[in-house]
Structures are given as C-alpha cells and as structure tokens.
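In the part that follows, the structures are each spelled out as structure tokens.
Paired with subunit B in one complex and with subunit C in the other, subunit A is shared by the two complexes that follow.
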Partner chain A sequence: MKVWLEEKHSLLEEIEARSGQKVQECYQCSKCSGGCPFSRVMDYAPNSILEMIVYGMKDQLLSSKAIQMCIQCGICGAQCPAGFEMYEVMNVLRAMAKEEGYISHETKIPKMNNIFLGEVKNNGRMHEVNLMVKNMLSQGELVRDVAALIPIGPPMFLKGIMGFGDVLPHKIKGQAAVAKIFENVEKMQGGHA
Partner chain B sequence: MSKKTLVIGGGIAGITAAQKIAQNGGEVILIEKEGELGGNFAKLAYTFPVLADAKMIVTREIQTAKATSGIEILPQTELRGVSGSAGDFTVELNSPSGTRSEHVGAIIVAAGFHYMEPTAYTEYSYGRSPKVVTSLEFEKMAAENRLPKGNARVVFVHCVGSRDKAKGYRYCSKICCSYSAKHAIMMKKANPDSKAYVFYIDIRALGKGYEEFIRDAMEVYNVRYIRGRVAKVIESGSKLIVRAEDSLIGNPVEVEADLVVLASAMEPPEGSRDLAGILGIATDEYGFFQEAEVNVRPCHSSKSGIFLAGSCTQPMEIASAVAMGGLAASEALTLIR
Partner chain C sequence: MKTGYFPGCSLHSTAKNYETSTQAVLKKLDVQLEEIPDWNCCGSTPAHQKDHLLALALPARNLALAEQAGMKEVMAPCAACFNHLRTAEIECAKDQETSKKVQGVIEMKYNNTVHVLNILELLVERIGTEAVAKQVKKPLKGLRIAPYYGCMLTRPAKIAQFDDPTNPTSMDRLLGALGADVVPWGAKTECCGAAHILTRPDVVVELSGRIIYEAKDSGADAVATACPMCMSNLDLRQSAMAKATGKEAKVPIMYITELLGMAFNIPQSELGMRKHVVSTASVQAKIS
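== the complex of A and B ==
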C-alpha cells in the first residue's frame, strides 16, 4: 500500500478538535494495543489507527472494523503513558463514518457494542471488561444478553474477549457458560475481579 | 579564602572529584550519608559495555581515594547549613559524632540518583508477585547467584516510569536500554538454557560500543527483542504471562515467563530539593540539580562556587559521571587556587 503524507493534516486536525485528544502526543509505544481486549481481532490495532490518522488515511479508517469494535472500556487510556483517551478518537471516527455514509456490513459487532456502550452510559467507564459484564448481569440484562453477546462474531473475535489460547464453546447457554466467561475474562485481565 | 573543597556524595562522581582535587594539591572533605562509599555503582555486578567486574573497579577507586592524602572522608554525614559565598563558605556538617563547622572555598554536589520503585505500575504486578523485580534487584540476584535455573524464561521490560508523562517522568532514563541488554547477556551467560526477551519502544544506546553491545545481545546471545511497550504482566499459576502488542506485525504477543525485570526510572536523589534549598541552588522541574548552562557549563550550578557532578543532574552511566567529576574538580581548583 502506498501512502502519502499530506502537507495539510486536515483529518488529523479535525479529529484532534472533535475528540479533544492530541494525537501528536502519542509515543507510538503500542501499550494500548497490547492491553486492548480486541486488538487481536481488529483489522488495525489502536496504535495503528493513530498512525493512520497522521497519514490522513481517511478511507481506510472510516471503513475499518476496528473503529466499530472499540467498546469504550478505557483500558488503553488508563495505562497510556501519554494519558491519551483512545475511545474519544474511536468515537469521533465512528461518528464520521456514519456522517459520511460508510456502511458497515458488520451487524453483530455493533450489537455487542450497544450493550457495552449502554453499560458505559448507565454506570460509567470501568476500565475492566469483567466489571462491566458483572454489572450488566446484576442489572437483570443477565444471561440472555451476555450469551447473545458471545456467539456473535467470528471465532477470532471471541478470542479477543476471552484471552488467548482459550478453547471457546460455540453456543453459550446458562450460568455455567457465563461463569466460564468470567473465568476467562478475569484471567485475561490479571485476576482483578 | 579557604583552599578546601566540600564534596557531597561518595558515589563514583564524588570519589572521582575528590581524587582529582587531592591529586592536584587541593584539600577535600568528602561527605557520604551512608556508611560506605560507592553509591549505586557498588550495587552492580557487572558493567556495560564490556561486562567489567563492577565490585573490583569500585573497590579500587574507593581504595585510591582513601589512600590519597588530602581527602578526609566522613561517612554517615550530611550537610545542615551553608553561609558565605564563593571562595569563603562556612558549612555545618552533621555526623553521628556531632556537628562541626568548616570553612571551604568550593562545594561540589555529587548526590547521585534514586531508583524509582515502580509501585504505580499495578498492571505489571510489581509488589504483588515476587517474580516481578526491578533491574537493580536483578543486579543483586546476579551478584548473589540467585538467577533462575534450568530452561527459564526471563522478560526484560523497558521504559518503566520513563517516557511516561501519565504515571512517571517525561524524560528517557538514557541507560536502561544498555543495562537491560547487559542483564539479558548476564542471564544467558549464567544459564545458557534460559531464554531472554526484551520488550522495547526504541533502542537508545548512545555511547562507544553500546550499539555493538546490544547487537551482540541479539546476534551472539540470541536475546529476542520485541517491539512494543508491555501492557500487562499477569500472574498465572506459578508463571507470569507478559502481554504486549508487537507493533511490527500489528498483533498481540504473549510470553510465559519465570521472571520479569522492570527497567525502572532513574530519578533525582531523595531530598534533592531540600539539599538545593540549604545550598541556595536551583533544581529542574523533576528535582535534578540545574546546570547554569547545559552546553558548556554542565558543572556550574546556579550559584557561584557550587558545582555539580554525576547523576544528580540527569540519568547517566559511570563514564559520564566520572567525566563530570573530573570537570567539577577542575572548576573547583580554578576557583580556590
């Protein structure tokens, strides 16, 4: 792929203005992507998204799956050495994709996202996916939604949630399966339930 | 006008300054707050870029200082007060035997650095798992022959607390790329069955032989370098899982490890702002002592007659601390002669 560095960073400027995040402050250390539960299944890792913004790769960005996959958990921002809130950037990209008529053929990811975004709206950002899931369960949305959330994506996507090397059930029914989700999510996050 | 110089701090910078002044006919009072001379150098097992025997070298330099006439060494001693001006300072020194007052013409501050405790980095399990240690602890483990045995995997993590304006310092600690390579090589030499991994953002090894030293770690000792800042260290049974994004392939990677070594930041010495207050000199935004002019007066503090040497001004390796010690000595001699 050939990329051109535009003299005027119009995309960069627009995203910085709309997100309130200074993309240029990023160290490109990729710590965010290492901690993002979905990096493995995103077509572009979060740190690459930032680099693509600098390059002005608007078309690739707005049609990417990655921007739809971010669930705003904020894990990346909590540990970012630049104090950078990636989800703000992801939000702006998602909004731009919508405004400019980029249609995502992915139907399952947005559905899952809605569940997580609802959670963020109701209870604030938790920085830990397992806490979010736990909260959702205690809200009564319960097994049905969590179960609905799990078998939606391609297998690789599930691995992103569960951590690596886990063998995943194809269909999840009932409590036992949910318990397994927790176990895996907790493992993935270093045992901080 | 007093012909004596007070040197504060008995690390390699202070020892060198004291030696050079005395060898050129000056008189020195060298105060050290600890019981022994040597500072952080004395905590090292080997030194980059040649894997020299650290204990041997530092012991030799301490012996030379002790054997040189004109140097009075006062351990467990700290500065309590200063009055007067360049060429004619009165200093109050406090040691276990009591307080004494001395006249000195010049003062050299060589108070060294403090090694950051990376307790804020809970994502690295530091303080939670005994298998996550700092690089300084690794030096101790190596000196005491306690490095992992058998086919162990050891992961070295760069830039912990450095290049991190959110939880640490904005600056680069300058030498951790080099000593992490040293540690990986030490690991492979002590235990050829072990595997060593280094996670880096970029490799900064600026000094004679440093780049070659790091390339040797890769090419001769088969240390695996992975490009990405570590995101998490997770305890998993008796092992640790190190997770990062390899930004060169754009995919997350995980390494199962038996030991994780954090290259933590070199920070200003404890109490540097208090000491600066007593002396009436400036510190920078971090608390390192501020040089009057970075390029050609690196040893001048903001006050005439008070000079700076070594890692109390910025993170640096031994060779630079020695060079600064020598320059500070010559600045002091210029003033008091």
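== the complex of A and C ==
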C-alpha cells in the first residue's frame, strides 16, 4: 500500500514540478473543460485529467487523445478561478508521453505534425500544398478529404487564393541551417524529438 | 517609423491578400516594413506539440537574424507566428539557461534584444487610433463589423501580454476609428479549430460554424480577423457549415487590414479583395 501511494504521488509531483502548476489546488469547478474547444471530442476532459493525475493514472493519461488535441489556445488558463494554467499540464503530459515512448490513441495529429515539420526541415518553410496533399495521402481518409476539397479547391484557384506558383515548394537559402536545428534538437533530446 | 517584419508562410501563399493589404495600409501610415532576411517557418502548432526546444529554436533563428540586421522590433501579422515568436522572445529573455541552449541549437548568437509585436499592437499602441483616423477617406459608416480575435493574439496571457485575454477591445477601437459600427457579440475569442482542420475537419466545421452563425445572429455584415488560419477556416468552410446545419452561412470574412485599406480608399486591386471564397461584394457595396 505504501509503495502504491508513493508511486501515485510521484506522478503528481513530477507534473507539478515540470509544469509549475499546483495541480492539487484545482477544486474541480470544470470551467477549463467548459471553455476548452475540444473537450467534447477528447477522451478525458481537462478537469478529469487533473483528477486522474492525483489518482496516478499515468498509462491512461500518457496514451490519451486529449493531450494530443490541446493546441494551447489558453482559454482554460484565462477562465480558471484558481489562476491555474491547465494547458501547461497538457504540455508536460505530451512531453512525458514522448520521452517514455507511449503510443497515443490519437494517431492523426502526430502524423500531421510530422508531415508539417518535414516540410519545414526540407524547405525552411511550410508549404501548404505539399502539407495538404501528403497529409491527405497518409491519413487513410482520402475519399472524405477529396470530397471536402471539391467545394473549396476550384474557388481557391479561380479567386487567386492559390496560384499555380504555389504548387511547387521552394527552399530558403538557409535551409541547411534549419535542417541542422532539427538535427541538433534530436541529438540533445536523445532521439526523443 | 521603421519596423522589422516577419510575414510567415501563410502570407506568402493562401494569405497573400493579408500581406498586400498590410503593406499598402502601413505605407499610408508611414511605416516602413523591413523583412527579416531569409526567415524560416515559426514551427507553428506542430513544433509546439512535438518538442518544446524545437518550438523555441525555430522562431529564435528568426529573432537572431533580425538582431543581426539591427532590428529592435519585429511585427508578425499572423496571430500564430506572433504567438510562437513571442514565446521564444519571452522564454529566452527570462532564463539564461534556455537562451544558451537555444543558441546552441541554432548555432547563432542571440542577445535577446528583439521585441515581437502583433499587427493590432502596432496599429493601436504604436501608431495609435488617432493617426489611423486621420487617414480615413471613406468612413465605413453603416457597416456592421464583428471583431474576431481568436485565441493566439491574446492568449495565453503570459505569452501574448496583449489586451484582455477573453474580452479584448483593441480591434474594436480600430474599427471605431474607421467609422464602422462595431457589433457586440459572443464569439470574439472563441477558437476556430485551427490546424485540426487537417485531422478533424468535422470538429473544425462545428467550431467555426458557431462563430459564423453567432456573427450572423448578431447582425454583422462581415467578420474582421487578424489571422490567416482563422480566415481559412471561417471563409473556406462555409459551404460545409451550411451542409452540416442546414442553415445558410454566407458571412464575408475580411482581414482587418483590408477594412483599413477600404477606409483609406486604397484601390481594391492593391488589397486583394477578390481573394475570398465568400464574396466581399456586399461589404464593398455598402460603403461606396
């Protein structure tokens, strides 16, 4: 029993220390979840996540969809009566999941992130057409995604939102320096980046 | 006035009209924009989600380049670029250890001397609404505009350090200076769903739809935005919103700089007003 208690407190302590947020001060008013744009489609809502940390439910938390859906819009922090910044907790949970090699139940977002960052590494800038096409081909929902493009693709070209000059990516001069940033981060994080 | 300028990837592709209107408007206001030479992508949400050090290093290379070019301030019109550049600015300035680590990763020297601004900050706090009002040739009288800020201009508050995190008013004041009727509404700082459009379009159509229908219910003629990601979700997805809800959308979305340009009587070809999926003709007709 004693060991179990220590373990559950170590998760809480680690997250409190890394996020700078006092998880235990949360009194479950749920305003963070009420304001969160994605709580309805998360497997665990933000206020539940805070409680799960106290209960030490590490595996569920680190493989959850919820921590991959947070984009740090910051509404949780802006609305919290305890002045607590929930998104910092999400950031720490996502970092821990990566460090400890957890496989997330949310696969599409990390996949899209990798495609996006691959473009940045290879060109120095993000290329919207490449990102869209590569993402569509990798997510396994080609029919849905192509159907969604039908009403917006042609008008984008007709109205000049996109031109033919946007179809091909071009590299910035310092592309190698940008690629080096990725390599250096990778090295420093011991392969976890 | 001279200021450093970070356009960001979107302003060079789907948001070209945000760039052209920004340049045209700031020229009228006597602001010279000096682009950071050979800038790179800020890393946006994917870098933020993937690795904190990468999310600091990518924008930091731009800050270091700006510093080398002698810039003291850099203005980023894209709300997300602003947010990520400012994160790097603040975290490097706050902690020497972080700053050293970041400089090691980018293999460049950076002395934390560059301050990052968003476009509303530049217009309202540096230039001022009085100077803006002086340039108005064609007041936007009778035009009902819903000011939309989204998330990244004002939140997280400790990063953005700009305006009120949930009830900002800087764009309201700017629109007021143009003579527009500023619509009070409830979706000022709601999230449009952002980059989840690529992975969960259903969710984004619902979130953006709420903003559009709220604007419609409030009687707005158009929504004003200062973010290319918000523009793309709000403008491009209205047919999907209508399909999901059975209610017609058709709310024109305008960059704040396009509205400024209209009021300054800058030719529409210079502003890029045609580059919207939802036609802006109704807005133009109302003030001409």
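The criterion applied here is as follows: the second predicted complex is superposed on the first by the 98 of 193 C-alpha atoms of A that agree within 3 Å, B and C clash if a C-alpha of one lies under 4 Å from a C-alpha of the other, contacts with A are read in each partner's own complex, and residues count from 1 in each chain.
As a convention for this text, contacts are C-beta pairs under 8 Å (C-beta built on N, C-alpha and C of every residue); 3 or more make two chains touch, one makes a residue touch a chain.
Predicted model only: the values in this text are computed from it and were never measured.
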item	value
Touch count on subunit A, higher of subunit B and subunit C	C
First (subunit B), second (subunit C), both or neither touched by A:Arg18	neither
Which superposed partner A:Ala82 touches (first subunit B, second subunit C, both, neither)	first
Subunit B versus subunit C as contact partner of A:Tyr44, first or second or both or neither	first
Which of subunit B and subunit C A:Ser33 touches, first, second, both or neither	first
First, second, both or neither for A:Asn91, with subunit B first and subunit C second	second
Which superposed partner A:Gly74 touches (first subunit B, second subunit C, both, neither)	second
Contacts on subunit A seen with subunit B and repeated with subunit C across the two complexes	79, 188-189
Subunit B partner contacts - residues on subunit A that touch it in the complex	27-36, 39-40, 44-45, 47-48, 79-83, 164, 187-191
Complex interface listing, subunit B residues touching subunit A	123, 125, 159, 163-168, 201, 227-236, 243-247, 250-252, 254
Interface residues, subunit C side, partner subunit A - complex	9-10, 12-14, 16, 38-41, 43-54, 57-58, 61, 101, 104-107, 151-152, 155-159, 165-166, 189-191, 193-196, 198-201, 203, 207, 236-237, 239-240, 272, 274-277
Subunit A to subunit C touching residues, read off their complex	37-38, 41, 68-69, 71-75, 77-79, 85, 87, 91, 94-95, 98, 108-114, 116-117, 119-120, 124-129, 131-132, 135, 139, 144-145, 148, 151-152, 155-156, 159-162, 166, 172-174, 177-178, 180-182, 184-185, 188-189, 192-193
